[in-house]
Amino acid sequence: MDAQTVIAKRIALELRDGMLVNLGIGIPTQVANFVPTGMRVFFQSENGLIGTGAVPDEGMHHRLLTDAGGRPVTALPGACTFDSAMSFGLIRGGHLDMTVLGGLQVDSSGRLANWTIPGKMVPGMGGAMDLASGAKRVVIAMQHTAKGKSKLVKQCTLPLTTARPIDLLVTELAVVAFPEGRATLLETAPGVSVDQVVAATEAALVVPDHVAVMNIQ
Amino acid sequence: MDAQTVIAKRIALELRDGMLVNLGIGIPTQVANFVPTGMRVFFQSENGLIGTGAVPDEGMHHRLLTDAGGRPVTALPGACTFDSAMSFGLIRGGHLDMTVLGGLQVDSSGRLANWTIPGKMVPGMGGAMDLASGAKRVVIAMQHTAKGKSKLVKQCTLPLTTARPIDLLVTELAVVAFPEGRATLLETAPGVSVDQVVAATEAALVVPDHVAVMNIQ
Amino acid sequence: MQTILISEAVAKIPDGASLMIGGFMAVGSPGRIIDELVRQGKRDLTVIANDTAMPNLGIGKLIHARLVSKAIVSHIGLNPETQQQMIAGELQVELVPQGTLIERIRAGGYGLGGILTATGVGTLVEEGKQKVTVGGKDYLVEPALHADFALVNAFLADYLGNLSYALTARNFNPVIAMAADTVIVDADNVVPVGVIAPDHVMTPSSIVDYLIAQE
Amino acid sequence: MQTILISEAVAKIPDGASLMIGGFMAVGSPGRIIDELVRQGKRDLTVIANDTAMPNLGIGKLIHARLVSKAIVSHIGLNPETQQQMIAGELQVELVPQGTLIERIRAGGYGLGGILTATGVGTLVEEGKQKVTVGGKDYLVEPALHADFALVNAFLADYLGNLSYALTARNFNPVIAMAADTVIVDADNVVPVGVIAPDHVMTPSSIVDYLIAQE
């Protein structure tokens, strides 16, 4: 299983029936492929849609029904559309049960940097700051390392996305939460040892006596 | 012609084609009866309707289509409905071309009191403060006197509705504007002399050389 | 979202709860829910709504039954009972300009701390309030409102809880639906999922907690 | 409201004007108006919009033609031309969180001085901004936005100027329509007055100034 699939499958286990969920671009989008059978999850697309369905069949799209990246989507029965003020009212107002976002850095206290690398990448924060500040639960989907360096750092060196700590970090190696503001190892990926995770991590990791293995297949 | 008709007819002359207008309860409501022929004016009802039409014929009403007082109305072709946030966005945001409101007192600098008589009448301000603060043009329809006392006073003794001066006051005796913050007599009612108006007015009235007669029939 | 009997829905509301209630002079008020509140004899309620309607009409029924200890409203002028209870000190009334009230509720639902409005500046309304200057102009800081329950009347719901409203009955309903911990909806019509066009849904199902079962 | 040729509508926009433009990654952007802006070679424009789309798509066409001197947007990541012009100092870009941006525009249209949001607190976004504490929590005061022109794309208009929008093309359109001195609308379909149900009108005709004539 490749890294992205591990992450997406593990995050899908956080979904609950009836949840309203927003998925960022990249790995987070793939979470929609692993919704447990029989579970109904409402996916919000921040350009103004709840009830985003699959990519339309050939010749069955409409130019005015797209995801936030402008790509054609379908709408499930019971879908609804709205303007951007409502879309971010849902996000900022705490109506969004969970957001899954990518990350550039997460630090030992759970702070997130994911919107800019000054001087290098300045795409604009789009909805990231509202999502990371406003969603009830913030889950970050991130590769554990980049170019051999840990992305779970002691302290974020990149500009923060929000001062609010995230709730859960899922990488291809581990699941990490932040109780009492301390990065705590909850699970390791199948075939990955606690020592391997610790070795790949710059942040000081709290390692409980029992660390579970991700329940993914 | 009774006092209310004089006032309503004179205010109707302030209407212009295409205007969005909100009429308060009481005399202001009657202005709608005197829209000049061929002119299209959009009346907003602050409970959520633009395009308020006449009272419905017997048996042609619907319980969910009413004016702000809960009385059945009709909707003209091209009408639209909206929630209260939008309704007051139109009012506060300067989209309302004119509001016509009743008054308890107007003072020499054009300040308005029309929402409460402490200890006697505390109905709540409803939409009055937003209307008087937000409309592009505020026109007050008010009897000139109450129990023999002028309602156009030196200084309001009742609590103000807004700190913003009104644009025009129309009574059964006179039309008064407030250029440079001074009550100025623009017109008298047919058969009413300037001296009669001055005598009935507590506020110091600026009287220009030429005072027109209201053009109502 | 759960479909539920009206008695069960109202049983979830404890004495002392704060309720946002839809409607404008009782048009668009959830009449059945109000009747059930009276029947179950809830006490010490805080009501946040546009008005208290008229004696024994809409929200006026709650006033008449003396279930309300505090009302945050813009208008009580057509309900002498509200005024009498207020003067007698039995009912605390906070009068708020209508545009400020609906916008404070919206702020609560949309995750904003409050609103900045010029309405009320230089009047009694500004007393005791924070002011902020933006672009050289003074605004009152009017804090966001949030409630324990929103009691919503919709014209149309689907069985997921998507809602739409009709004509002048929309008023406060879609706004309060965003601003409460628990949202209870009484709909005039409930239709199968997929029957309301996505563009015509005004309140998404995900914010609705309970839809009252049709009789 | 006046129905007008597209060339005449765009001729009303002077160089240096501020424009709010609907659309989200060009979906719901007024394509014909954008093309005409390019054809007429307007200069020194300020654009307020969600994003600058992609090179030579939607608002990206204005960037490509170098008509824009300032952009207030939430996202430029899919348009390298915007980033290049910004880095070269040819285009001033103010990046605003998306929810803050749309709400600042709404505040401008709804007569509010600005908004109180927690988004951006503790980040670069808060630099130089006023803060207000409400209920013990800190909020940024983000000032209202207003523009000279709103360039709106609607799915459906009637000949009075009532508008409705379709699917995910609604996005910024109904909000910017409230927040500009002059509102110019290009509608995909124009129908006789009375054909759009009152409940389905999302923008009332009274705030529309010009409706572009169908070809």
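Chains here go by letter, A, B, C and D, matching the order in which they are written, and residues are numbered from 1 within each.
Methods note: a contact is a pair of C-beta atoms (placed from the backbone, for glycine too) under 8 Å apart; a residue touches a chain by one contact, two chains touch by 3 or more.
These numbers were taken from a predicted model, which means no experiment stands behind them.
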| item | value |
| --- | --- |
| Each chain counted as touching subunit B and subunit C at once | D |
| Selected interface, A-D versus A-C, where C-beta contact pairs are more numerous | A-D |
| Distance from subunit B to subunit A - Cα centre to Cα centre, in angstrom | 55 |
| Centre-of-Cα separation between subunit C and subunit A, whole angstrom | 35 |
| Gap in Å, rounded to a whole number, between the CA centres of subunit D and subunit C | 32 |
| Interchain centroid distance [CA atoms averaged], subunit A/subunit D, Å | 29 |
| Numbers and ranges of subunit A residues touching at least 2 other chains | 49, 75, 81-82, 85, 88, 91-92, 134 |
| Residues within subunit D bordering two or more other chains | 103, 106, 110-112, 117-118, 165-167, 170, 198-199 |
| Inter-chain touch pairs (all) | A-C, A-D, B-C, B-D, C-D |
| Footprint of subunit A on subunit D - complex, ascending | 24-28, 50-51, 53, 73-78, 83, 86, 93, 95, 97-100, 102-103, 106, 117-125, 155, 165-175, 202 |
| In the complex, subunit D residues that touch subunit C | 103, 107, 110-118, 130, 132, 134-135, 137, 139, 141, 143-144, 164-167, 170, 198-200 |
| Contacting residues of subunit C [partner subunit A, same complex] | 1, 106, 108-112, 158, 160, 162, 178-179, 193-194, 196, 198-199, 201, 204-207 |
| Touching residues (chain side subunit B, partner subunit D) in the complex | 18, 20, 42, 49-51, 75, 77-82, 85, 88-95, 134 |
| List of subunit B residues in touch with subunit C within their complex | 45-49, 62-66, 68-70, 75, 81-85, 87-88, 91-92, 122-130, 133-134, 159-163 |
